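As C-alpha cells, the structure follows; a few thoughts come after it.
Chain lettering (A, B, C and D) follows the sequence in which the chains are written, and residue indices restart at 1 in each chain.
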Amino acid sequence: MNPVNWILALPAAGFLAVLLWPGRAETARALALAVSLVVFVLSLGLIPGVWGAGASWSHVTDLPWIESPAIRYHVAVDGLSLWLVLLTTLLTPICVLISWRYIDRRVKEFYALLLLLETGLVGVFVALDLFLFYVFWEVSLVPMYFLIGVWGHERRIYAAVKFFLFTMAGSVLMLGGIIYLYNRSGTFDYSILLEQINSGALMLTPLEQRLLFLAFFISFAIKVPLFPLHTWLPDAHVEAPSAGSVMLASVMLKMGTYGLVRYSLPLFPNAARQSADWIVTLAIIGIIYGALVSMVQPNMKKLVAYSSVSHLGFVVLGIFTFTQLGLDGAVYQMLNHGVSTGALFILVGYLYERRHSLETAAYGGIATPAPWLATVFLITSLASVGLPMLNNFVGEFLVLQGAAQVNFRWTVLAATGVVLSACYMLWLYQKAFLGATPEPVREHVYDLRPREWAGILPLIVLMVWMGTLTRTFFPPISAASAQILEQTKVNAEFLVSRPAAPPLVAGVMPDAR
Amino acid sequence: MQHLWLIPALPLAGFLVNGIFGRRVSKGVINLVAIGSVALSFVWVLKTLAALGPLETPHVERYFTWIESGILSVPVEFAVDRLTAVMLLVVTGVGLLIHIYSIGYMGHEGGYHRFFAFMNLFMFFMLTLVLANNYLLMFVGWEGVGLSSYLLIGFYFLRKSATTAANKAFIVNRIGDFGFSLAMFLMVVRLGGLDFPRVFSAAQAMPRETDPGLLTLIALLLFVGATGKSAQIPLYVWLPDAMEGPTPVSALIHAATMVTAGVYMIARSAPLYQQAPIAMDVVAVVGLATAFVAATIGLTQFDIKKVFAYSTVSQLGYMMLAVGVGAYAGGIFHLVTHAFFKALLFLGAGSVIHALAGEQDLRKMGGLRRKIPVTFATLVCAGVAIAGIPPFSGFFSKDEILLAAHHHAPWLYWVGVLTAAMTAFYVFRAIFLAFFGDYQGEHHPHESPPSMLGPLVVLAAFSLAGGFLPVSRFLEPLFPAGEAHHDPALVVVSVIAGLLGLGLAWYLYVARRGLADRIAARLGALYQVVYNKYFVDELYNAAIVQPVVKGSEALLWRRMDAGVIDGAVNGIASRARAIGAVLRLMQSGNIRSYAAWVLMGSVVALIALGFSGGAR
Amino acid sequence: MDSVPLSWYLILSAVLFALGVAGFLFRRNLITIFMSIELMLNAVNLSFIAFAYKLNQVDGQIFAFFVMVVAAAEAAVGLAIILTVFKSRPSLAVDEVNTLKY
Amino acid sequence: MDAVLFLVFAAIAVACGISVVVQRHPITSAISLIGVMGALAVLYLLLGAEFLAAVQVVVYAGAIMVLFIFVIMLLNAGVEPPGGRSWPVRLLGLPMLVILVGLLSFVIRRVFAGGEEVRFGAFTKGGPREIGRLLFTDYLLPFEVTSVLILVAILGAVVLARKEID
C-alpha cells in the first residue's frame, strides 16, 4: 500500500493510542517515540519512488472522499514535497526526544498532540486536493495552538491567541479563494485545476487572478512570515516549549513557502509575476530587517525567531525570481532552515532545561563547563550564518545567484543579510558561550547527555551532508521546480491575449526566464 | 590521478581525530596526529610535484559535482599549476614548521588538543583554497580559513578581548566575503560559470576595459574580498587585534599564509585583472596606501606582536602593490619570502614572549641578546631579510616589486622606498628595544626548547637564502609578460633607504637611548594620532557599528516592530472591535445568551426561507 | 371526530418545542435546562413520527429511535458533566458557568 | 374517538410541558416531564408507532428520567436561586419565541392545508418486526455506530464522574 497513507495514518493512530493508552508518562513517551520512528523509516521509503518519477507525481492515492462538493482524498509526493515530508518525519522523533524531560506535566496529551501535528504537517505537503490541503492546514494549526497555550511560558495564552488569530485571518482568505476557485472550475483537485488552466477551460480574468493570488498569498505570507506580517512569530517562539518552537520554525513556516511554490505560482502565474517586484521588496526588507532586529535581542529565542524572518526572506526572494536557480535554492533553503534553525531551537531548549532562562544575559562562559554543547552550538550557528560546507550556504548562494540573474541590485541588498547574520550569531555565541563562567552557570550547566546527543547529532550530520553532498537532494528538487517554472511559463504564453505583464526588471538576462 | 584530495584531507582527518578524541588522549598522541597529518600532507605535496614534473599545463582532478542547478554547475575540482605548487609548498612547509614549534610553545597551555585541531582545520581550508579550480571552491577555503582564524584568535576564550577580536576578524572578513560573493554572482551571470579556465577565457574574449565596465566591477568586488582577507585599507582593522591569538597562530595564519590569500587570489585572477586596468590601479594604490599607513603605525607601537602585525599589514600592502602594477610573479615571490621572514619574526617574538612568561611590552624587555642568543640571532636574520638588505631574501622580492612600481608610475616607487625605510626602522627598533640595553622586566628569561628553536633556525636559513629561490622565473610563464626592466640606480636607492632605516633605529634606540621619547614628545598630537592608529577603530565604531546597533534597537525593534506593526495590527483589531461591538457583546460566555441568539437566528432563517420561497 | 388533521400533531410538536426553548432561555438551573432540551427532542420526535405516518414509511420512526438513543447517551454524559461542574462550583446556576477552565 | 384522545393527551402534554418550564423546583419539573413523555407515548400509538411508544415509556420515561431524578437527588438541587437574566434573553427571548411559534404554525397550516387526516390503525408498519428488520438491514451501520456511541458515552460518563484519583 502507498506509504504516504501510512505516514498520514500512523501518527493519527498514534495520537489516539498515546491519548488512550493507560499508564504513566513513560509509556506515552516510548509509544510516541516508537510511532514517530516507524513513520520516519516508512517515509524513507518514499525516496526511490520520487527519484524514479522525475517531475511527475509518485505514490499517488486518489479516492473520493465527499461526493458533493467533489472533494477527493488525493495525495502524492514529488520532489518539492518529498524532503519536506522527510524533514517533518525526522523532526518529530527528535522533538519527542528533546521533550523527554522538558515536558513534565500533561505528558500524554503533549505527545499525542505532537503526533497529531505530524499528521497535519505531512498532510499539508502531500495533499493535492485544495480542500484536503485546507483541512490539513487547519489540522496542523490546532495542536500547535495547544502546544503553545498549554506548555508554554508565562505569556503563553497571549502568544497562542496571537498565533492563532494571525494564521486564521490568513487561512480564512485562502478558504474563500479555494471556494471561489471551486465555483469557477468545479473541482478542488490540484492537477485537474492545472489542466484546466493549461487547456484554457478555466479562464480567470486578470482581476480575478489578482484577487485570488492575493488571498492565497496573504495566507501564505503570514505563515512564512513575510515582513511586515511577522510579529506573531517572535512571541510564539518565545512562549512555545522547545519542541513547539522546533516544529514551528522548521516545518510550519515552510507551509507558507511551500504553498507559495505549489499553489500561488502555478495557479496564478500572471498575477505572481506581476506581483514579484513588491514581494521581492518585502522579502529583502525582511532579510535586512530581521537581521538587524536579531542583532539587538536580549532573548535567545527571539533572536533566533527574527533570524528566521531573515532566512525565510531568502526563500521568498528565491521563489519570486522565477529562475531555476532561485527556485531550487529556495526549496533547498527551506530544508536548510528547517535543519539549522531547528537545531538552534533544540540547543536553546537544552540551555533552558539547565538554567531556566532564555535571556542571553543569564549565561556566559558555557564553553568551560560544557565544551561539547558549545561546539555543537557553534557548528549550528555557523551553519545558520551560511558558512560553506554547511547547509545554509548552498541555499543562500543559489537564491542570491538566482536573484542576480534577474536584478543584481536585489542580490547586493539581500547579501548584506549574510554579513549581518554573522554579527548576531557570533555576538550571541560570544556572550553566552565564551568568556569567564559566572557561578550560576557553572553550577547548573552540564554537558550534553546521551539523549540530548541523540536529539542533535542527526541534525549536525545533516548540516554537513547537505552542505557538501548536495546531489543527494537536488535532482528531485530541480525536477519539481523546473516543472513548476514550466507551468508558469505555459500560462504566460497562453494568456498572451491579455495585457502582457510588464517586464519585471530592466536588463533581464536573456537566459534568465 | 595524483590523489590531490589527500593533501587537504590529511589535515582534515587530523582535525577530526583531535577534535573528537583529543580530550582523552595524551599529548604525544595529539602531536603525532596533528603534526603527522601535516607532515604527511607536506610529503604528499612533494611527491605529487615530483610526479607532475615541470607543470607546463595545470594538472586537474575532478571528484564530484558539488552543486548543480539550472545554469550553474560547480564541481569539486582540484588543480595544480605552478602558482598552486608554490603556494602548496609554502603552506605545508611553513605550516609544518609552525606546528612543530607549537609543541614547545603551547606545551603549558590548556586546550592543547583544541589548538592543534584548529590548526589542522586551518591547514585543510587553506589547502582547499589553494587547490581549488573554481571560485566557489576557493570561496569555501576562503571562508573556512576565516573560520579557523576566528577559532584561533578566540583560542583564549576566557578573555573578552580575545573573543571580541575573533568576532571582529570574522565579521570584517565577512564584509570582504560579501564583495567576493557578489563577484561570483556576476561571473555566473555574465561570464557563464565559476571555473577558472572558463571565467578567464570569457574575460579574455571581452575587450580590455579602459572605462569602468563589467570586468572592472568584478575585479573590484574581488578586491573587496581581498581587502578583508589580506587586511588592506579599509578593512585592515581586524589584523592587529588578531594578535590576541597564540603566537604560532599569528605566525601561521596572520603572517605567513591566510592573509596572503588575497594576494594569491588576485594573482590567480590575473587574466581577469589584466582586462581591467582601472581595477589594477585601485589595487596598487590601495596596496601602497596600506603599506605606508601601516608602516607609520608600526613606528610607534610598543607591543612586540602589534609591531609585527602592522608590519604584516604593510608587507601585504606591498604585495598588493605588486599585483596591482602587474608584477604578479614578484608579488608571489614576496609572498614566499615574507612567509619565511614574517613567520620567523613572529615565532621569534613568540620565543621572546615564551622566555618572559607572556610579556609582550617592548618597554619591559631589553638586553635579552645574551639571555636568549639563538632567538636573537634568528630575529636579526629575519630583520635583515625584511629590511631589504642584500643579499637576503627580502631584498630580491621587494626590489622586484619596487622596480615594477617604478615602471608603472615613479611616485609609487618613491612612496614604496619611504615605506621600506620605515619598515627597516620599526623592525630594528623592536629588535633593539628587546635585545639591547638593560633588562627592564622581572621574570627570569630562559631560552626556548629545541622544538621551538629548530623551526626558528630552519626559517632563518630560508629568510637569509630564500631570495635565491627562482620563484619569479618559475611563475613567469603563468602571467602576462611584463617587460624586463632593471635599473641599478633604483636598486641602490632602495637599499640605502633600508640601511638608513636600520641606522636610524640604531641611533635612536642603541646609541642615543631616550632621544626617541623626546622626539615623540616634540611631535605631540601627531604622535598621539599615529600611536592611536589614526583612531580608525573608534571612527568605525562611532560611524557604523553604533548607529546600526542603536538604530536597530530603538528604531526597528522598539518603534517599528513593537510600535508600528503590532500597533497597526492592534489598531485593525480595535477598529474591528469597535465595529463589532454588538458581536463582542454576544460573546459573553453566557450559555443562555447564546441560546437567545440561536433562537433569533433560526427565526430569521425561517423568515428568509419563507421569502425565498423555500417553504412555498 | 374520527380523525385528526396531521397539522395538529405538527403544531403540538411546535408548541412543545417552543416550551422547551422557553425553558432553556428562562431557567437558570442547569438540570432544568437539560430537561428542556429533552423536551425539545421529544417534540422533534413527534414530528418525525407524524411525518412517518404521512409518508407511510417507517424510516421516520427509525430516525426517532436514533434520536432516543442519542438522547440517552447525551443524558448520561450531560449529567456526568453537571456532576463535575457541581463539584467545582457550589452552584448549578448556569450564568456562573462561563469559563471552560475553572 | 381519535380526536378526543388526541385532544386529551395533547392537552396533558402541553400542560405538563408548561409545568416543566415554570416549576421552581427541579424535581417537580422532572415529574412533569415524565408526564409529557407519557402523553407523547399515547400520541405515538395513535400515529401507529407501537414500538416507539413502548420504547418511549420504557427508555425515556423510565430509564432516562430516573437518571435525571437520581442526579437531582444526588446534588440535592433546590429551588433555583433568583438571578438576573442576560440582556439578549430579556430582549429577544419572548418576542422571538412568539414569532417562532407563530411562524411554525403558519407554515404548517400553509403546507398541510389540504389536511391529511390521521386515523388510528391506518399505519401498520410501526411494529417491532418492521422496525427490527429495517434496523438490521438498511440501517445496520448507523445502528452499530450508535452502539459505539453509547459505549463512548458510558466511558465518558465514568471518566467525568469518577473521583479524582490523582
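Here is the rule we use: a contact is a pair of C-beta atoms (placed from the backbone, for glycine too) under 8 Å apart; a residue touches a chain by one contact, two chains touch by 3 or more.
Note that the coordinates shown come from a computational prediction; the quantities given were computed from them, not determined experimentally.
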_Fewest hops from chain A to chain C - one hop per pair of touching chains_ = 2
_Innermost chain by mean C-alpha position_ = A
*So which one's got more C-beta contacts, C-D or B-D?*
C-D
*How many Å are there between the centre of chain C and the centre of chain D, using C-alpha atoms for each centre?*
5
*Whole-Å separation of chain centres (CA-atom averages), chain B against chain D*: 87
_Centroid spacing, where centroids are CA-atom means, of chain B and chain C in whole angstrom_ = 82
*What is the distance, in whole Å, between the centres of chain A and chain D, each centre taken as the mean of its C-alpha atoms?*
52
*Hunt down the residues of chain D that sit against at least two other chains at once, touch-wise.*
85-86, 89, 93, 97, 100, 104
*So which bits of chain B are touching at least two other chains?*
588, 590, 592, 595-596, 599
_Contact pairs between chains, per stated definition_ = A-B, B-C, B-D, C-D
*Within their complex, state which residues of chain A touch chain B.*
166, 228, 230-231, 289, 292-293, 295-297, 323-325, 328-329, 365, 367-368, 371, 375, 382, 387-389, 394, 397-398, 400-402, 404-405, 408, 411-412, 415-416, 418-419, 422-423, 426-427, 430, 433-436, 468-471, 474, 478, 509, 511
*How about chain C: which of its residues touch chain D in the complex?*
1-12, 14-23, 25-29, 31-32, 34-36, 38-39, 42, 45-46, 49-50, 52-54, 56-59, 61-62, 64-66, 68-77, 79-84, 86, 91-93, 95
*Mind listing the chain C positions that touch chain B in their complex?*
21, 24-25, 28, 33, 94-95, 97-99
*In the complex formed with chain A, which residues of chain B make contact?*
19, 23, 64-72, 136, 139-140, 143-144, 147, 150, 154, 157-160, 163-164, 166-167, 170-171, 174-175, 177-178, 181-182, 184-186, 188-189, 548-549, 551-553, 556-557, 560-561, 565-566, 568-569
*asked:* For a test of understanding, state which residues of chain B touch chain D in their complex under the given definition.
replied: 586, 588, 590, 592-593, 595-597, 599-600, 602-603, 606-607, 610, 615-616
